[in-house]
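Working notes, structure below.
Chain naming follows the written order as A, B, C and D, and within any one chain the residues start at number 1.
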Amino acid sequence: MPQRGFVAIAVTPLAANGTIDYAGIGPLMDFYINCGAAGVTLLGVMGEAHRMTDADARTVVDAAAEAIAGRIPILIGVSDSSLQRVASLAEHGMSRGCVGVMVQALTGLQGDANIAAYFAHVADTLGPDVPICVQDFPKASGVHISVGVWKAIIESCPTVAMLKHEDEPGLGKLSAIREAEHAGLRRVPILTGNNGIHLVQELDRGADGAMTGFAFPDTLTKVIELHSSGRREAAEDLFDHYLPVNRHELRTGIAVRKEILRRRGAIATARARFPVKPLGATDHAELDGLLRRLERSTGRPITEMAP
Amino acid sequence: MPQRGFVAIAVTPLAANGTIDYAGIGPLMDFYINCGAAGVTLLGVMGEAHRMTDADARTVVDAAAEAIAGRIPILIGVSDSSLQRVASLAEHGMSRGCVGVMVQALTGLQGDANIAAYFAHVADTLGPDVPICVQDFPKASGVHISVGVWKAIIESCPTVAMLKHEDEPGLGKLSAIREAEHAGLRRVPILTGNNGIHLVQELDRGADGAMTGFAFPDTLTKVIELHSSGRREAAEDLFDHYLPVNRHELRTGIAVRKEILRRRGAIATARARFPVKPLGATDHAELDGLLRRLERSTGRPITEMAP
Amino acid sequence: MPQRGFVAIAVTPLAANGTIDYAGIGPLMDFYINCGAAGVTLLGVMGEAHRMTDADARTVVDAAAEAIAGRIPILIGVSDSSLQRVASLAEHGMSRGCVGVMVQALTGLQGDANIAAYFAHVADTLGPDVPICVQDFPKASGVHISVGVWKAIIESCPTVAMLKHEDEPGLGKLSAIREAEHAGLRRVPILTGNNGIHLVQELDRGADGAMTGFAFPDTLTKVIELHSSGRREAAEDLFDHYLPVNRHELRTGIAVRKEILRRRGAIATARARFPVKPLGATDHAELDGLLRRLERSTGRPITEMAP
Amino acid sequence: MPQRGFVAIAVTPLAANGTIDYAGIGPLMDFYINCGAAGVTLLGVMGEAHRMTDADARTVVDAAAEAIAGRIPILIGVSDSSLQRVASLAEHGMSRGCVGVMVQALTGLQGDANIAAYFAHVADTLGPDVPICVQDFPKASGVHISVGVWKAIIESCPTVAMLKHEDEPGLGKLSAIREAEHAGLRRVPILTGNNGIHLVQELDRGADGAMTGFAFPDTLTKVIELHSSGRREAAEDLFDHYLPVNRHELRTGIAVRKEILRRRGAIATARARFPVKPLGATDHAELDGLLRRLERSTGRPITEMAP
């Protein structure tokens, strides 16, 4: 499992008719690698996992594993209301060389003990050879992973090997977990989500990096590098150039993200599956403006990588 | 605080124009006392607490305290998003001779520690002289009080003196709490809600009675008496006569409940506050049929008390 | 599509290890047919659809279609966050002779226009040859189908051919839809859910029957027959014998339902998939008591069919 | 009612013990006026309205009305589950010279017709002399006000005189409402919320200004002025300096907002009512850093007003 840096939550490239763009998966993986990604996570929420058939999911895994060919580690999002689907997709992914899986709590779970028990059950089902990244994303799951729950998970699940931290507000929780680790709790990498909108503050508080889908992964990679090499203010200076677009993408969603990736040459179409609506003329013009301002502010076309 | 039996969740009698029917509060309290109630709880959800101004709430407390004049203990529902409102109404009630307050968790709280901390904070704010009944009503609050949370509350809040158990399904939780008490946890009375629809099974599992608003409190009192005197099957026989109406009232809500209470002579109008809609002709005819069947099945007019 | 009567929401029989009990599907289908079911719906919520892999779902459809062999019509629940999964399972089912599909609104949809548009999009995707039963189950989906939404669906989706009505409280909505039909809205069968706990009142208000999973389908069939033959009070008399068990099953869930079906000989194990917990000793004793009382009340062992 | 510009959602100044800081209300109102606010809204969510007793709310209104003394218009948030509280606070406010009230939909309302009916009922209750600003804040209310609902409200409620637009993502809805107005729908001012994080894009799409609580109201005022005077890029340049702090404040909440206001000299303590937790040392250091960067970027101490 990646220990630090930026891990890309991959979108799933689609053809104009909504089917998987098999041929487009390789170029997208190259894009993430060129952005300096320390890994890639397939089939997260932004990979539209919940809109995939079992066959679709396997196709995505197979194509990405073939294209990446071991250059960077691959994780797979396997969250599902069916533990059988969780296990079956995990097994498929591990057989293709993936390094682990990302699992979200079952939607609507309540009670610290129930939440911890869920992950214990998943870990037990997947067995000792499947490293697990716990995705803490209450906005999607409705599940609150308190620091106490996290301790219980870490203590009862030896295969839990990463936290994707996407709670909001979550800065205090991040600090509390790092403190618990100083007090003896087993330490695992914490990578943060939410488009990286708080990335610098999260790094300040001890995050090891980010795992998210922002359409400028090269920038997030660079921000993390600068921060870890002691150039914290430079990191935030760089990040702040991108904040206007980051905020816009975070709050308008996957249609804007895919459109930016398309404009950057990472994918062939901005198509997302129903019920995502395509951008209209006003949305495009608005995005034009934001990207033009970004180019002016950075002095670099969006099609170029951050240096 | 009442230790066992039936405690009535009182409706709030309203005049036809929606103002508090001050004069009607005394007769309603007499009705509950004649039904054998071991206590009465004012300003619960079915007392439309969330539709009352601060002045309304004081009026209800004053009128009920005066009318009851110490014949049975009074609790007051004080749940609110404002801790100041909680404390202020509690203080008013205690000054009028109430025996304690009923408090629900703050809507939307998540995490065992946060929920327990909430009750600790409330108990601390109210001080050592205000006994608290914890209302566990996830359907209204969205809060899940696990057995672990309950233990934490009991251990940290010496003034918590009762559990109103209204979780659903909640039979297993009831058993688990009683088991924890056998293992040493401080024991407090558990009175169940949900209109008493599972009352006999709850008594089987160790509940001390019910605290709910079913329009036939005399029946619930009698069911509890029969059960506690060892006549369990007779208790369920009696209850089952009332189950068709109980189910109907539970699932159609306060408009039906108030209408039955009106027909039984307990209140003068079935009026509830906006946005509750009054019953229409079809609703009335449906209720006529259910009550006619009840009278046939019990051989007793609904205006008579259960013997 | 069935036009009236009782349609069984089938459980999915599982082996003790949680895999599909392929051999058990035939006997279960025979049980439903012997109960007088006018049809069977596979892979509803109580069929644990959300816990099935794509392969599991196909297995269930294939086995049931083979076993039923045209004796009664089959519907398939296809609700999913992935429209691709919806379409793919629907296509598979229709190829096996199913008469239609049951579709729930996408979880969390809000706004009348969005909800109606969802069903229009699904209907369009499935094409003119796939009759649709709209499942109105807000407790699961969080979606409110108002009478206005229902009108929009009926007017824009010619393939919508049934309403599974499972709103709660929903009696008023049922009447309002029937009134709209009297005023010219295209009429489709309305079958009600929620374990049939309000079945007689729903039939009074114009429901054409029930589509639900209560473990005594023979009783519901008989209740509907009595009601439609003008013996309304006899229908309610029969129903009321079963109400104590119906209420218990409705509110405790699938573990109790499967256990009753097992005791009646309809399935071999009461196993349900994670996270459903198996019944404990107290749960079993409680159910023993309720079923013993039922046998005493009806004078008939639960293994016998309602006459 | 204000027709354009920035309207401040006022915090409620508290003493260290959590009581209303009566003496602090005047200076805070002066601060908002000095920031160029076109109006002030008391007792919104950020004014902690849901944590106020009826007496607290009146105190706040009285103190603010006295301090402002007609210099700018005052609105009052009156949203509550009790229509009696809504009406009673509205009446009190109007008697003190307020120009209107802000009302959110009743929490949990679903169905276009129900939502529109709620506002019609509120408008009817308040009478023809109380202008209403509809607060569209689904994150707090769970209610989705579609464009269709908005049309129904506008057509049925002549006293609705403003929309506080706080949906997210909501840019498309803003455009759609403006288009409907071009097609003949009665036009009312639309002021946007969410801390103004999308303010420039919202102005581009036709918003008339913002009504929110960002601790730099002077900046938002200036951004709106620049935009309306045709200097759109300058507006966004200015806004973007503040975006890092805006984003941080928006997502960490009222404790950070009150602390910034305190540092700017607008209020005496950063105290918010339970359950808001005070900032810890790490939170303060983090905020120090963000504000230092802001001062460097703008070349102006945060205690100075935007020019």
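Going forward, a residue touches a chain if its C-beta (ideal position, glycine included) is under 8 Å from a C-beta of that chain, and two chains touch if they have at least 3 such contacts.
These numbers come from a predicted model, not from an experiment.
**Student:** When the CA atoms of subunit A are placed over those of subunit B, what is the turn angle between 0 and 180 degrees, to the nearest 5?
**Tutor:** The best-fit rotation has an angle of 180 degrees.
**Student:** Which chain has its C-alpha centroid farthest away from the centroid of subunit B?
**Tutor:** A
**Student:** Any idea whether C-D or A-D has more C-beta pairs in contact?
**Tutor:** A-D
**Student:** In whole angstrom, how far does the Cα centroid of subunit C sit from the Cα centroid of subunit D?
**Tutor:** Whole-Å distance between the two chain centres: 47.
**Student:** From the C-alpha centre of subunit A to that of subunit D, how far is it in Å?
**Tutor:** Taking the mean C-alpha position of each chain, the two centres sit 33 Å apart.
**Student:** Could you pull out the residues of subunit B that touch at least 2 other chains?
**Tutor:** Within subunit B, no residue touches at least two other chains.
**Student:** Building nodes from the protein chains and edges from chain pairs that touch, which of line, ring, star, complete or other describes the result?
**Tutor:** complete
**Student:** Over in the complex, which subunit D residues touch subunit A? Could you list them?
**Tutor:** 168-169, 171-172, 175, 197-198, 201, 204-205, 233, 236, 240, 243-244, 247-248, 251-253, 280, 282-283, 286, 289-290, 293
**Student:** Please give the residue numbers of subunit D that touch subunit C in the complex, ascending.
**Tutor:** So the residues of subunit D touching subunit C come out as 110-114, 138, 144, 146, 148-149.
**Student:** What part of subunit C is in contact with subunit A in the complex they form?
**Tutor:** Interface residues on the subunit C side: 18, 50-56, 81-85, 88, 106, 118, 121, 273-275.
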